[in-house]
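The data blocks that follow each hold one structure.
What follows is a pair of complexes built around subunit A, which joins subunit B in one and subunit C in the other.
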Partner chain A sequence: MPERTAEQDTIITLEDLRPRPEEKKIFSDYFMPRLHPGILFDPKKCTGCGTCEMICSVRNVSQIAPASSSIEVLRDEETGKNFAILCQHCRKPLCIEACPTRAIEKGEDGIVRINTLFCVACGLCTMACPEAAPLIDPLTGEINKCDLCEGDPLCVQYCPTDALTFTKGKRVRWIKGLRWSVQTISFLLLAVLLVGTFCSLKAGALSLSCPTGVLQNIASSGTVVLVWILSASLILGLTVLAGRFFCGWICPFGFFLDLVDKITPKKIGLPSFLKSRMAKYGILAGAVGGSCAFGFQAFCPICPIGSICRSYGAAGTLNGANMGIVAALAGLEVTERRVWCRYFCPVGAILALCAKIGLIKIAIGANQCKKFSCIQCAEVCPMGIIDADQLREGVSPDIPMTECITCMRCIDRCPYGAAKIRFRWQKTVPGNIEV
Partner chain B sequence: MANGKDRLAEAKSSSGAYRCVECGRCAAVCPMAEMYTNFSIAMSPRGVIKKAVTGDDIILDENIWYCTECNAGTDICPQGVSCRDLIRALRDIAAQETAAEALRYCTRCGKQFLPVPVKNFVFDRLKEEPPNVLSILELCPSCRRELYMLRNT
Partner chain C sequence: MKIFDTFYNMKIGIVDLAESSAEVMPLDDQLVTKQIGGAAVNRELFKRYEDENPLILGVGPLTGSFAPASCLSVATFLSPRFGNLCHVPLHLRTGPEMKFSGIDFLVIKGAASSSKILQVDTGAIRIVPAGHLAGLAVPEAVQAVKKEISHSRSILLTATAADHGFSCGSVSTGLTGSLDKAGLAFLMASKNLKGIVFNGIHGLPFAEDNLDHKKTMDRALFADRVHTNEGFFSVLDRIGIEENMKGIAKKAQWHNRACYNCPSPCMSSVEFRWHDPRKNSRVKDTILLSDHLGFLALARKKGGDVFPLSASCLRFGLDPVAVADRLPENGSLLESLHTIEELSVTPEGPAITREPHQIGEIPGGIHALFGGGIPPILPGESWGERVYLAMVLGVCPIFLLLYPEIPEMDLLRFLTKNEHNLNELEENLNLSRKSN
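This part shows the complex of A and B:
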């Protein structure tokens, strides 16, 4: 018989009385992300009039008393800038974790509410919120936190300059379907129907070849053939126009890795000495230098893209060693997504150099981005270039286009329409101000 | 400026501590029971009030630093004792006289905003968050709002 301790006899915790509700997964959660309603705020339109505070306090305490509102307008007198602090209704709210009486709940509709039955106004939710959005009412001592007026916020209705807008979140589904179908078609074309296609393809007057392969050819043979340059420059030119779209939409090995990612859990961390995004440029230089030294294409025999194109196809030659490379690199996916593409791929490296001078960028607009409360773009990014830490600090992230594969997952997933494709010279994100 | 003893007497009378009948309702609703595993009668509002009324060394007692200054005990007290006001006043006196290290200071503006035990409780609940979130939580609420504004305008 186990020994009974004093704790077991006497201490009844909140877990026994009111256990934390388990996360219910409904059927649609498996293929569609849940939407999170919220209020978007545009600091450029705000004039700091305080109408939102007044109308909010009318709802809270039935009188005009801006101190009792759930929204606070900050006015910076030096710069003349105004900003509204309001609850973002986070996807994973920190206030729920910190509340000692478990009074805060996130409803099925995504609205985070304070249950006044249990709230004792201790103010720990304010202490746990990165934005300190639950406001302590100095008159009544209670906590005022936005509940979106149950779906029709008064502050949005009464804002005279439309700086506040209510959104229920939106879904852009077609990009996902388009990308998967393009990837499937190009995989079938490149890897199954036509053998060795991506490496070099001639169809009448049209000639295509892999830019890294061309570089190695030039290095190994010591001659420059104009046709090689032209056939490689098509994909390089398109990369300047549209970013590394090849990696995200066409590359058969990238498609293979995307499929592997669907089923591999991310359990193990990649050792940090491998985590250098410059490594792919080193491999590219090594491939060219090796070709020069040995007199044949040094990297192509072990190239996973080439392997997947050549080894399996209509010719029916399953080259064991080459498929071993593919399997080994697929095994690396237990650490991070698209490890080969992120850190090592020399084809990606040469495309990255083109994308560096490219015309487009992915911009995450600061006005619509809800930062720490959402962070979905960072979760879906296969290259891991959207900085979740920046989002958590309340800044819209910068996206390096050399690493971006233009897969548009972030655009697809962003519920507030903040992620967009823009030309390089367009300014949609105000500069991040160091403090 | 009044000395510590006068201020202590003032705090006790203005919060109504002498009216306490030790019914224990404040201890029953106190959220500290849920927050701390070492919750005891001395830490509960009833214990603090009793010690404040009967003894003089309440200022040195570390038990006054666990309270979250919530409304619960004040709301339910049948005698109208405000344990929150009492503890606030006790902390004021203590912070000026002895126990400055029991308070957490904002890393940006230097304002005191949380006692250390309460801060430890919040950080313990959020210990799975990444370090940059926790460093934001080291700031006082008004600094957090201000920084958030500066980053986004």
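This part shows the complex of A and C:
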């Protein structure tokens, strides 16, 4: 760090007066995140009466002056649709970054406030905000920004149609803890205790097999054995019932990739020519074709799931060849999250086909979502299948269950209950919107 | 009684279109003390300027306030269609925007030599040339006004029909039409007044306890949350329409809309698909239905074609009731659309017909405060003390008609909580009965 000159030492900077608060993350934040309160707006219920504007102005300027409110209802007469502009109290507010006088602060309670003592009404916060939510008062030129009435918003209280709802956000992320526990136990069982049993397990009358292995077996031997098919049916049945639950909760290689992801949070990106979600089906076809041609299970020797299950030797030694495969494929994790699962895993390909006719789906209701200011569901999705742009536009995203690994990170992370599991035939998403 | 000072800006705008002059003056205290507001004050102002064929726009004391459905402003003029004094209720946000723009009453005298627009902004009035807008249909005119006048929170416009001299033209609030069935648009066009634009950015003081009063009223009325699910078609249902009409609503998707601070929407934005015979293709349109009477008149005449015909009436600024009378009985949709297009460019002077069923008449009572008539608002029995009260106080008459359970006194309590003042108010208003 360059030394400050004597002249510099005499200059008092904004940093000295109002240093930016550092974002500290403590351990409990992982399971009990801080609240991100906000107001959710349902355009279907909004009649455009403007009661919210009227009431808000009463608090802002102690007068009935809808133009001076911190919420603005845009009424599109041509399409008949309404949209409310109001502060979403973002997780990472851009207005704070933009404010040259650091007049905007996010409190411990998650509410983003303007300190009027420091605000010079330059309007940069309005320009920086994706929703243009800090509103410029047309009469005084000052900035009006929602402060959630310190936790009990008047606009929500007075909205006659309940188009506005206040949410404090969700506190506990129990799914995360449960998933990591299940993944750890599964890993210990499959990779350490019952070594190699993912590929095939026989315990008395019970017979379980990897569906891809069974398919290659059939191809290589040219015979169809009913027991083989039955042994693969447990995992396939589970997929029909719960989607690619195996990939998200049980797969030991998936768990390994999740661990690798924790130490390589920054991604360099995968070349676009490799980004084809159809590639895994090609690899599956290649595995079956290869097995047919060579007369043995062509993919199994290099299967990372099988490799990780076989790598721990009976005497407590690690199998170098198997570990090499695991390490090489895990290395891909520096490009994207779960890159193997997204594009290349043939086991995932078979499960994807079952998930296509599965009973459940993940539904995200855009009306119950804070759109620009959150998008945490898209950020945490390891398969990258939640379209953040659709959410920003207020459209409930279409989530392909063939790609979803039912890890439920989106459900766990969403502070506003916008992401839920639905049956396939249900036509509504959270927020009672029909899709 | 000085109770109205906080409910008004106490400003009146006087515009002389012939002289191209506009001034804003203090409002006479006595005027609102005696006449209270809305149509009653309008009538008094009309009498003062009677010789100059004035158009008076005014708000009530409750316009823009916490009172439910406080959206109303009233236009008062000598109706070219009925030949007597008429009061036209202007809904949506015209009233509050007018009040928040800094003036309470607007007197427009004389006629301009060329088309003009009045721009009312922060307590000042400007007369803006609008020759290039004359004859335009509503969407084009609104778009042009928004482009040229940057601060336009509420727009009141005449459109093709009135600009071409058709007496059954109807003034349009934005793209939404209005309840003008008395020739307001025709009068504006004859004054070469293309429109009035309000930019309401001022504020009004309020009594703290009025917020609690609003909460109590809302809670009592809408505790069951049933009323808040109203909308254009539910209102028609409540009025009692023919069974065969009920199916029409099912042909469209709608989204309920409300005027300023109205807890019970009576309008609906309707999205419908129809086969446009002029283009020979299927198209999707959206209109905001606010005129129940006009919709019923068209629906009774043309059944399922009511949506495209309503859209056409809104586009050209026509009164749907008058249009329904002129549509061919058994003609096709194409013929009906052509008829509307022809009507919109056909000069047809007013045939003065004083029709008692169209002009409200109640002897004595509150009616004595302002006289004249109000064109029909809702089908059936829509005349009565409550409508007149609404027109004076600045509250939507449709809301009061639909909710007879709201006592008049509850509205007056927004003005004052003092029992003595309340009694005095009641006497001033000549309310026929005392209510709680």
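Assume the second predicted complex is superposed on the first by the 365 of 435 C-alpha atoms of A that agree within 3 Å, B and C clash if a C-alpha of one lies under 4 Å from a C-alpha of the other, contacts with A are read in each partner's own complex, and residues count from 1 in each chain.
Operating definition for what follows: a residue touches a chain if its C-beta (ideal position, glycine included) is under 8 Å from a C-beta of that chain, and two chains touch if they have at least 3 such contacts.
Being a predicted model, the structure only gives us computed values, none of them experimental.
Asks: Is A:Met127 contacted by the first partner subunit B, the second partner subunit C, both or neither?
Replies: First partner only.
Asks: By the touch definition at the top of the document, which applies to A:Gly50: first (subunit B), second (subunit C), both, or neither?
Replies: A:Gly50 contacts subunit C only, not subunit B.
Asks: Quick check on the superposed pair: does A:Gly324 touch subunit B, subunit C, both, or neither? Answer first, second, both or neither.
Replies: Touch status of A:Gly324: no partner.
Asks: Please indicate which partner A:Thr13 is in contact with in the superposed arrangement: first for subunit B, second for subunit C, both, or neither.
Replies: Touch status of A:Thr13: first partner only.
Asks: Answer with first, second, both or neither: which of subunit B and subunit C does A:Ile85 touch in the superposed model?
Replies: After superposing on A, A:Ile85 lies in contact with subunit B but is clear of subunit C.
Asks: Is A:Gly286 touching the first partner subunit B, the second partner subunit C, both, or neither of them?
Replies: A:Gly286 contacts neither subunit B nor subunit C.
Asks: Touching A:Gly295 in the superposition: subunit B (first), subunit C (second), both, neither?
Replies: Neither subunit B nor subunit C is touched by A:Gly295.
Asks: Look at the residues of subunit A and decide whether subunit B or subunit C touches more of them.
Replies: B
Asks: Taking the stated contact definition, name every residue in subunit A that is touched by subunit B in one complex and by subunit C in the other, in rising order.
Replies: Correct list for subunit A: 79, 81.
Asks: Which subunit C residues qualify as touching subunit A in the complex?
Replies: 64-66, 93, 96, 100, 122, 139, 142, 151, 153, 174-176, 200-206, 211, 214-215, 218, 222, 225, 228, 255-265, 269-271, 286-288
Asks: In the complex of these two chains, what residues of subunit A are touching subunit B?
Replies: Interface residues on the subunit A side: 13-14, 43, 72, 74, 76, 79, 81-83, 85, 94, 97-98, 100-101, 120-124, 126-132, 141-142, 366, 372, 388-389, 392-395, 430, 432-433, 435.
Asks: Which residues of subunit A touch subunit C in their complex?
Replies: By the definition above, subunit A touches subunit C via 44, 47-51, 54, 57-58, 61-68, 75, 77-81, 138-139, 157-158, 160-162.
Asks: For subunit B, which residues count as touching subunit A in their complex?
Replies: 29, 31-32, 34-35, 68-72, 75, 113-114, 118-119, 121-122, 125-126, 129-130, 132-133, 136-137, 141-142, 144-153
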